[in-house]
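Both complexes below contain chain A, partnered by chain B and then by chain C.
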Partner chain A sequence: MAEPVTALNGARFEGIATIEDAGPTGMITLRGDLASKEVKAAVKKAVGLDIPGQRAALGGKETAALWMSPDELLLMCPYDKVAETIATLDAALEGQHFLAVNVSDARSFLRISGGGAREVLAKLCPVDLSPDAFAPGMFRRTRMAQVPAAFWLDEGGTFHLVCFRSVGEYAFNLLKTAALSGGEVGVYG
Partner chain B sequence: MSTRLATGGRRLDRGRAQEFTFNGKRMQGHPGDTLASALLANGQMLMGRSFKYHRPRGVVASGAEEPNALVGLGEGTRFEPNQRATTTELFDGLVAVSQNHWPSLETDIGAVNTHFARFLPAGFYYKMFIHPRPFWKHVYEPFIRQSAGLGKAPNPGDPDRYEHFYYFCDVLVVGGGVAGLQSALAAAEAGAKVMLIEQTAHWGGRAPVDGGEVDGHPVEDWIDATIAKLQDMPNVTLRTRCMGAGVYDHGYALGYERVADHTPGSDAPRHRLWRIRAGQIVTATGAIERPLSFAGNDIPGVMLASAVRDYAVDYGVSIGDRTVVVTNNDDAYRTAITLKKLGLEIPAILDARQQGGGALAEEARALGIRIENGKGIAKVKGGKHVTGVAICAQAGEGAALEEIACEAVAMSGGWSPVVHLWSHCGGKLIWDEAQAHFRPDPENPPRGAQGEGFVLPAGSANGAGDLAGVLNDAHAAGQAAAKATGAKPKGKAPQGSASPEAPMQPVWLMPQGAGYKLRLKAWLDYQNDVKVSDVQLAAREGYESVEHAKRYTTLGMATDQGKLSNINGLAILSDALGQPIPQTGTTTFRPPYTPISLSSIAGEATKANFQPIRKTPMQGWHEANGADFEPVGQWRRPYCFPKGEEGRHEAVNREITQTRDSLGVLDASTLGKIIVKGPDAGRFMDMLYTNMMSTLKPGRCRYGLMCNENGFLMDDGVVARLDEDTFLCHTTTGGAESIHGHMEEWLQTEWWDWKVYTANVTEQYAQVGVAGPNSRKVIEKLTDDDISADALAFMGWTGITVAGIPARVFRISFAGELSFELSVPASHGRALWDALMEAGSEYGVMPYGTEAMHVMRAEKGFIMIGDETDGTVIPQDLNMQWAISKKKEDYLGKRAQERSHMADPNRWKLVGLETLDGSALPDGAYATAEGHNANGQRNVQGRVTSTYHSPTLGRGIAMGLVLHGPNRMGEVLEFPTVDGGIIKAKIVDQVFYDKDGEKQNG
Partner chain C sequence: MLILTCPCCGVTAEETEFHQGGEAHLTRHGPGASEEEFHTYLFAKENPKGVHFERWRHNNGCGKWFHAARDTVTLEVYGTYSAQTLEPPQVIRDAITAKRPGWRWREFA
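Then we have the complex of A and B:
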């Protein structure tokens, strides 16, 4: 089988922040009772992480667990490990009421890094992105201009953003426009 | 004539010059100038012509309230009309032109209107142009449109960029004068997160011009120190050139930042719209001086006293050698004192108050200035500029006592707090008798969700008086705002100097008994040419409501929204109606405070970012291969793929013929795909669809209909059962999101205890329809798996590997041919497409677009959501009883379909239509019936829902909803066309092609 091709196919832009295609990434929608010990154990087994709290992201080595709603997580893993990870979840949750489904190809996945990253997102998303309000480990489902998007911030100051695949180009172009030089706002110190 | 003084101008960098042009004439100014100050420095008093009478007009004010000095700014794609010269910062290369003049500013033909002024009173157009009726459309309107309008429309192709910025703070302080600075400091010192915005490029407002001391230091030093202090605080954000444009519900406010207006062509965005969510908003928006209403108060050279002072102090500009000051309050004496100290002449101060002024009057008198108490201006002399004034007793009717030669008149009718932002979201006003102005009513602020006030006025915007009063009031407002957001206020207000003033005296008309001829020249609203006489006429004609009077006279309309004229106008209206001013009230204050650019509202949403365009993984191929796209929701789907010189129609015919004869492929990736899983999934599916889904076996597919709770058909598609617990629902392209939402709504609100989860996986898969007699053969070339008729029967699905890619293959057919749909992970969609194109080349494979798909389904008599349905059609109308389970107790829409109107046998039903002449019926055409209805229209008995030319049959085919249609096979209906003709069509079976399904079952 040929290599998977993302909607952005490795696109990258450097302005007041760096916008880049994060490449093919394994993503699994897991719906279930997030408070149950079974789901907790299954997530631990599948991606090695705990259940994230409300609007939180937990990141591991090549994996992540993201809080999407009171009964939904988005789990991330390497692209070629999705089937295996879903099989682990299926096995661990056998007999439970749950849904684990591959959505790796349904999304565009981008990284926004550099000094202007917070400002770039604050131009497009109605989210308080000041450092005291949006800290590493926080996850937010929101609106980016005219499309739904979700992002979290890691300890290194990089934002990881997912949106639907079909609007990957639109999302990249939005972020690029917001990151054009001369667009520094200068409010986050 | 106005000129630049040898010294002075605290905002200027006199060491550098900037070149600009006005009406093509080259002029020079300095960095720090506004366009208005630079024009005045060049002796250019005349800046525009008025809207209605084309009267010569000069600048009146020095700030955002300016009604007259509106110019067209910039050139080409950067041209913008109606820009206020007073708020336009000068830059090198600025190009400005005056407006509303023809042929030139100096000699204007339209100025003849002014001589007919007595024939153009309020409501003139309404009265004049109403008869005879037909003249309005053909004679009057074109004429009025020609002469109306201020400024020219901008040119398309704005090269600049604009953006939004979302910001959150505890306390937003609007206005960077001393009040705003102190409020911000008080809130910030309490620990609140503070944002302070100022519309000009300068901090401190007009305090440096007016003078005074804070804690024993000149106010200017205090401003600098406070800014330095605020800049050092990590919890404070400061923005200049950022106007508080509007206040909305729940502490939402808009800030309009003119980032690069003064540096055109730089790489910065031109405007940035701040979308601010604040816990509390402090409006330290200052006050605006009011003009006085005397005859000739619009002649260039008559200006607000504060503006005359500003131009002298801030920009080193004198309006004329001799300035007569006319006032009803003490503040205007500051102008006289300032000018006198600069060595200019003040022939007289005319104080309308019989008892005169206080300490400032004494100071002026000590400087040797002549002061006339109880006097006013009977009339200003001059045409394009002031040459003198006739003075009179304010108490009289305007008999001239004396004429005084002068070049400028500095007038002051008192000050009105800027209450716009306070009022935007419902803050109420009270009338302050002593100051004769409206100010915020502290008992009735704009209120938030808990009923708490969320806007606090501060300083002169709250009616506070001198520096001491302003600082105390602003400090209290800043602390109160911080406290309301949970911070802990501390510290005292700094001590501002007190400057006691004698009481002002309201003067709404000068002289108070001015006769008609004087009132006819006493302007209230400069921008709209509304005079005292117009408002009085409106009152006489019964316009008692201030809102009606506004619209009738145009008082307070257009770009300045009556910032100078409103109070004077409603005072005149109140007087004419014989009622107190508060009873008349004000017109409604609406955002924005001053006009903001439409581009700033659009923000990033222009050009490539105008709207999201959804793209399938194969979009690149379609674009590279000449697809002719059509919008389907936010997708762009290939309508067809024309080759060479081919038109749309030929391309569609070719694609259909090729598919029916051999092999065609369709990008079906946009179809909605929703996973429904859980122990109750079958039960849920039975409720969602009209037919029985729970009995579907894993590995099998079933076509289903979905209705809303009113029984109307809303979506259709093929359901595949993936396993015992799991269904995959295909929806229409447009229905993917809404049907997923529909499912979640029922699960979350009604059937919350059912064990079902859904997931929208539409974009996970690239889907390709492979259709035609050779479709199996081409797939077999790419797979080792068995997809023979025995292994994969019609309406079955299975998992295979095709071109090395894991895929689901659904044996379903919308084209009516032997047909498969291949579904692969989207990241491999393009690879699959390429493999199919390559493997299919021996069968002459062609992609087909949405139109070929539509025609082929119509040939087969398949319905299309949105064509055969329009939100009022039920499955029974489409003779689809076969898809409605009779075994089920319930499904969404079942009870609604049993209502008498839904079960009415006279509902129009679906049939095929075959034209007698072989042509294609017009889309949406109606079949006429005998007689006329109550409105005199022809009765109708059916309508066309789908119509195409069928290349397969070589003639037009159509479907339509017809009264008793299925019982009338063979009858001929008449369809009138828009050009008056009639097309006859026979009622036939809707399946035109392969009725027995031999091809799709092959």
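Then we have the complex of A and C:
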């Protein structure tokens, strides 16, 4: 099989925050009734996680379950485990009204870390990113400059951000510009 | 700048996270409708100075459609509510009445 290549091909930038390509990542859109016991059991079986609450992210070892909308989750797993994870979902949800689709190559996945991470995102998104308002485990879909993006914050203070692959380079360059040294605003202390 | 709360995902954000989708509570006249009815559906829209009802979509967020009741003069948002309804719920009407007693919009008051 050909080697997977991300749109950003391992790009990395260090400024007031570190912006980096998270590399090939398995991503699965799962639509269905998130309140049903069948979907709950299927997600548990596929990625070992519960159904995240409204606008929440649950992270596991190499997996994640992200709340996209009242009837949609984005599941993450290792890139080479997507086919078997979808097969697990398909088998567990047989007969249910659902959709499980591989979107791994349709998305770019980035990490924003370091002291200026909150500020870098706050420059680009209409979201209150102060520590009181945006805490680890929260997931947010929003607008990043001119494109839609979604991100969550982990316990270690790193943001994980997803956008469409077609705007991956645009997203990286935006974040890079917002993270240029000398661009500190210091709004979050 | 409007600040809207999406009733589907609970996010409160400024209007650029959303997209306006035209007037709310239109009756779509389908097959068999008269030309007059279809013309009304397509072109006869409200353009009020004051209380107004619109459809909005959380296009940069959860992607869902919803309704908003707002004021075109003051830009206050009286409330947002489900897209799955043919008329504004009482709680929204009450919120408008509290600020604009005697308001009217199409057949609603």
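One rule holds for everything that comes next: the second predicted complex is superposed on the first by the 189 of 189 C-alpha atoms of A that agree within 3 Å, B and C clash if a C-alpha of one lies under 4 Å from a C-alpha of the other, contacts with A are read in each partner's own complex, and residues count from 1 in each chain.
Everything below uses one rule, namely that contacts are C-beta pairs under 8 Å (C-beta built on N, C-alpha and C of every residue); 3 or more make two chains touch, one makes a residue touch a chain.
All values reported here derive from a predicted model rather than from experimental measurement.
A.B. asks: After superposition on the shared chain, which partner residues are touched by A:H160: those of chain B (first), chain C (second), both, or neither?
C.D. replies: In the superposition, A:H160 touches no partner, neither chain B nor chain C.
A.B. asks: Applying the touch criterion given at the start, work out whether A:R111 contacts chain B, chain C, both or neither, answering first, second, both or neither.
C.D. replies: neither
A.B. asks: Could you figure out whether chain B or chain C reaches more residues of chain A?
C.D. replies: The larger set of chain A residues in touch belongs to B.
A.B. asks: May I ask you to decide whether A:Q54 touches chain B, chain C, both, or neither, giving the answer as first, second, both or neither?
C.D. replies: After superposing on A, A:Q54 lies in contact with chain C but is clear of chain B.
A.B. asks: Looking at A:R140 after the superposition, I want to know if it touches chain B, chain C, both of them or none. Which is it: first, second, both, neither?
C.D. replies: In the superposition, A:R140 touches chain C alone.
A.B. asks: Per the contact definition in the header, classify A:S69: touching chain B only (first), chain C only (second), both, or neither.
C.D. replies: Second partner only.
A.B. asks: For A:L124, is the partner it touches chain B (first), chain C (second), both, or none of the two (neither)?
C.D. replies: A:L124 contacts chain B only, not chain C.
A.B. asks: Looking at chain A, which of its residues have contacts with both chain B and chain C?
C.D. replies: Touching chain B and chain C on chain A: residues 126-127.
A.B. asks: Can you name the residues of chain A that touch chain B in the complex?
C.D. replies: So the residues of chain A in touch with chain B come to 1-2, 4-7, 24, 29, 31-32, 71, 97-99, 101-107, 119, 122-130, 132-133, 145-147, 164-170, 173-174, 177-178, 180-183, 185, 187, 189.
A.B. asks: Which part of chain B faces chain A closely enough to touch in the complex?
C.D. replies: It comes out as residues 161, 163-168, 193, 234, 237, 266-269, 272, 275, 277, 603-605, 608-609, 611-617, 634-635, 675, 677-679, 755, 757-759, 761-765, 804-805, 825-828, 830-831.
A.B. asks: Using the touch rule from the top, collect the residues of chain C that touch chain A in their complex.
C.D. replies: Residues 8-11, 13-14, 16-17, 59-64 of chain C touch chain A in their complex.
A.B. asks: Help me check something: in the complex, which residues belonging to chain A touch chain C?
C.D. replies: Residues of chain A touching chain C: 54-55, 68-70, 72, 126-127, 140-143, 148.
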